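In what follows, structures are represented as structure tokens.
Each of the next two complexes has chain A plus one more chain, namely chain B in the first and chain C in the second.
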Partner chain A sequence: MVQAHTLPAVPRLFHYGSVSRDRRRALFWSYFFLVVFAIFFLTPPIYMLLTSLKTSAEISAGVSPWIVQSPTLSNFYGLLTDPKFIRFFWNSSIVSILVVTITMIVSVLAAFSLARMKFWGSASLATGVFLTYLVPDTLLFIPLFKMFAWVNETLGIQLINQWWVLVILYPTLTVPFCTWIMIGYFASIPKELDEAALIDGATWFQTLFQIFIPVAVPGIIAATIFAFTVSWAQFLYPLAFTTSADQLVLPVGIITTLIKGDVFNWGQIMAGALLGAAPPLVIYAFLMDYYIAGLTAGATKG
Partner chain B sequence: MAVVTLKKVVKYYDDTLAVRGIDLEIADKEFLVLVGPSGCGKTTTLRMIAGLEEISDGEILIGDDVVNDVPPKDRNIAMVFQNYALYPHMSVYDNMSFGLKLKKVDKKEIHRRVQEAAHILDIVPLLDRKPRQLSGGQRQRVAMGRAIVRDPAVFLFDEPLSNLDAKLRVQMRTEIKKVHQKVRTTTVYVTHDQVEAMTLADRVVVMNHGVIEQVGTPQELYHHPQTKFVAGFIGSPAMNMIPVALHESADGLHLDLGAGVNLLVPPDRAAHYRQFAGKTTLLLGLRPEHLTDAAAAGQPSGQTFYAPIEVSEPMGMETLVYFQLQGMTVCGKASPDVSLSPGQSIQLNAKLQDMHLIDDESGLVL
Partner chain C sequence: MDLSESVALIKPPKRRPKALERFFQRKSTIAFLMALPLMLVIFGLVAYPAGYAVYLSMLNKGMDHFVGFDNFLFLFDRDTFWMVVRQSVLFAVTAVIFKSIIGFVVAHFVHNIPAKGQRKWRGMLLVPWVIPPAMSTLAWLWLFDPSYSAFNWILKEIGIAAVPWTGDADWARFSVILVNIWVGAPFFMIMYLAALKSVPEQLFEAASIDGANWWQRIWYITLPMMRNIISITILFSLIVTFANFDIVRVLTSGGPLDSTHVFATWAFERGIISGDIPLGATVSLFMVPILGIAAVFILRDINKRGNEA
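Right, the complex of A and B next:
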């Protein structure tokens, strides 16, 4: 052993091997396509950023859109001092936080029971949950309107134009998918773990809260990010179900208040869109590793 | 400390009969090993004792209580799983104390028990680590520790060593035996490895196709197998089973192995075997250790014959030799000091005092 350590290092001449040539070719094409896609996907946000830094006069001046001649933060300042915009932001935040909370409570409990408690019809229920996700939301808002009208007629409760109604509506989109993610994640947890907990004397709830949830944190984070993104970026339902300015959420608020007739306040629209995109961006950036771990764990389990 | 009793225990999976009416009594402090090929129902039986599988029919008693409908946590058992099933997010200490915490045992008492178990298993320095920071053998110890701290009436082991490499398996085998000698708790241990079964058990239960083939001490199973299955399953290398004809002649009872090999049955055995002369489904069961190189044995203590070696496998301690008889490959043992080459004919000594006569038709050892 001592001998082996004192041997002089042999220079490695792998550079001309076929492995390295293959690898270089693969790397070249990887970089090529990555650069192409990066340009493709980053162009719109960069365009947004540049436009948001211009005055309306400069935007309509007809010079190259890629050059900012006199950068200004007035668009951002205008929005952030506008109580309406603050209100939209506030509405969006409240709705998203409540939706994420409701979604995670429902889907973790549902997924645990569907994945682990074998009861009559649990398998078909699990499939059913996923099928509901496949119905596009554009098809659902008309029946939902009908239901709201019925509630208004029979119970006298007006559901249209209330921001909190979105808290009831969004989970119809988020719960099925999040349940599906969590079923996949829970299914990847070895059966012996709950059996061990069962022998240790844990109830179903103790098994869920003390074993499953801590072990499934990556999956839960992935589902949380999904639920947050869906409720933060949802456009169709708030557009259809809310109208007055104090009930609007951010995406709809920007469009309805910053487009007046045929006057597009492009600078502020872009600034608003960027500000609106910031929270998901921050969350993704911090939780990205967990997000990927969660998605793949669900994915590899047959 | 408790006796475990199984009465006509049956398990159906849908329409498949996994366990076909098992009767078994496991004595207090006994180390009982359930052994058999995969699919023989041994794990199912263990899981029924644990309460992880419902019992389709029959009764299981722990102590004096029928536990058929008692949930696992109230059966006063502890189980060690094949893949350890440690809680990955908890430290070793928390893994071991989880069950006690749920039972609301006093914190000081928990601490005392965990420390004691950790000392027995030599894992005190690991108590703060997470399972992923442990090696396979260490995880195995922690899984055992989790069982020990609960001070159960019965320990259940489900193939606990099959995830370890060969060397560690032997080491942990000794470790489990030591722990049992210290803790003295009734233990049911499932394995498919007959060596593990033989080395660990007070008594071994050999199972096949959902029924018990034989129950006995390791020595009983080895020297007096009752069925063809047990004879072939216990012992490594496996017992040779050579078709033979049994016939009576002037000087006594003979075994005709074909190819001119004719062996005289020892008189004490012949008295019992005589009644089966002429039967056409007989097999001679002879372990490799009873079929040895006559030259090395010095004074042959049995019947001898010559056979050309097909393959020889030096094991170090001994050399296994393989040759053909009646179209079957037969294994014998030779001295490691003699060099043997394929094709070479050697004189083999069959120690027929230790022979078994098996009826292939009924599957019983006669």
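Right, the complex of A and C next:
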């Protein structure tokens, strides 16, 4: 079984009977519980996939829900040819790309300034960045909603129910954490490097773009992935700030338009949820180490 | 001729750089300008709205006059409010405890197996954290469906009565907590795994030689070595869980009969759906004390960590 792989192939001179038996038993139970937890963690996504391959008739037929009898891609085909769904996907993509771009520009510049250049109050600003990261969206959405309504009343700019308002809102969630990660990365670059550059006559911008950014590429990738995942998954802001079908992003679009009253078209809902989960999952599959680096950086850096 | 020309070039310009020009070449000015967009985000879109929420909470529903603490007093009189308080605390505390335990246990098992398999297992176990919570909660909603629940189908096969996952108040409370544990436990697993990797192997070897059993090794070596990261992760998760919105909103929308509402979803219900912005702001402000306390402790732990390093 599983333990067999871990046994050393070379014959041993001494026989550590009880130690190796203990080790084997520990290994067996480790694998046993890992399988149990993997089942717990993977059941919902797998069930999502199973349901998305079924027709509505098969779902309501009363047969075992855990088996797909006649797999079909019609749910995916139906969604990918639906202009409304395409619109959600497009909105989500453009919002995420814009937010990631803005976030990275703002946080790289600010992190460089806070980690290296320093000015009056920069130390307390760095602490402020971290505190801001701890302020949740659920505390901010009501005052922001009222502020945007006020902008509409006094300046006549309609902010609510426009997809691009999300590009203004999401940086409140992405910028603090990305700045925090980047401060950590920049602070770990040896001082001699930028001192040498400055002595050679480089400007601060040259130091940033030709020395710091190339050295901190892993941190930049981790921060970019974080910003993308957060903007793609954000649910509260679009739910509160956008309502018309052509302004919705993917998660809100699926939940508000595919779930129609009591007529649950679950095959299509699960297909939609799977397509909504796909971009972060694909990024995660290819860049797992950067993803995890970003995840753990918040607590291990600084 | 050539020589005189180049001498003229070398000669410093008579005109002194203007004060403004000098100001813009100063290091601290450039630094300030580079951090300016960040400050706009922090002060304009986070600090100002947070303060504005306090002001909003002291207005009447029509937002045309100041009512002081009337909104707070109004809430104190309502049973639903106290139910939301109890549910929010129960939700956050229970979920964080279980996430922490499961994360610790799973991290240990992953750490236990041979190094070459660890990557694969870690990758698989982190999937719940990667899927957008609103999307994965849809899968749970479907697993909990009143008439087509896949869990109830299994229960029926082994002869147990169907469970009203989201229909009954207590079961619905259990369900939202379960989904939250499912989403959050992988985060604890990954943090604890990173911490476990940083515990020097020699400590365990020394303990084994001294005859320590596995429980003593965990209690006297692993836990003290991981103490800091455990407390940061728990405090951080407490904030996120306490402020959670997506799971409750998608799974139960606060029902049945408001029994699963937490502060965030109830504030949304009052403030955006019912259009009572001041009351919604008041409800969301009740998250502040717990967030504040957790934030103070996180900052303290992070500073401590910085000093140790």
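Operating definition for what follows: the second predicted complex is superposed on the first by the 256 of 302 C-alpha atoms of A that agree within 3 Å, B and C clash if a C-alpha of one lies under 4 Å from a C-alpha of the other, contacts with A are read in each partner's own complex, and residues count from 1 in each chain.
The rule is short, and it goes like this: contacts are C-beta pairs under 8 Å (C-beta built on N, C-alpha and C of every residue); 3 or more make two chains touch, one makes a residue touch a chain.
Since we're looking at a predicted model, the values are computed, not measured.
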item: Chain C versus chain B on the shared chain A, clash or fit after superposition; value: fit
item: Contacts of A:110 with chain B and chain C, given as first, second, both or neither; value: second
item: Touching partner for A:176 - first (chain B), second (chain C), both, neither; value: second
item: Per-residue touch tally on chain A - higher for chain B or for chain C; value: C
item: Which of chain B and chain C A:209 touches, first, second, both or neither; value: neither
item: Contacts of A:255 with chain B and chain C, given as first, second, both or neither; value: second
item: Contacts of A:195 with chain B and chain C, given as first, second, both or neither; value: first
item: First (chain B), second (chain C), both or neither touched by A:129; value: second
item: Touched partner set for A:90, first chain B, second chain C, both or neither; value: neither
item: Lowest inter-chain C-alpha distance for chain C and chain B in the superposed arrangement, angstrom; value: 11
item: Those residues of chain A which chain B touches in one complex and chain C touches in the other; value: none
item: Footprint of chain C on chain A - complex, ascending; value: 6, 26-27, 30-31, 33-34, 37-38, 40-45, 47-48, 51, 59-60, 64-66, 105-107, 109-110, 112-114, 117-120, 122, 125, 127-132, 134-147, 168-169, 171-172, 175-176, 179, 204, 229, 232-233, 235-236, 239-240, 251-252, 254-255, 264, 266, 269-270, 273-274, 276-277, 280-281, 284-285, 288, 291-292, 295-296, 298-300, 302
item: Chain C residues within the chain A interface of the complex; value: 27-32, 34-35, 37-39, 41-42, 45-50, 52-53, 56, 63, 102, 105-106, 109-110, 112-114, 119, 121-136, 138-140, 142-143, 145, 148, 150, 153-154, 182, 185-187, 190-191, 194, 229, 232-233, 236, 239-240, 243-246, 249-250, 263-264, 267-268, 271-272, 277, 280-281, 284-285, 287-288, 291, 294-295, 298-299, 302, 305-306
item: Contact footprint of chain B on chain A as seen in their complex; value: 190, 192-193, 195-202, 206, 210-211, 214-215
item: Of chain B, residues touching chain A in the complex; value: 50-52, 71-73, 77-79, 81-89, 98-99, 102-103, 146, 150
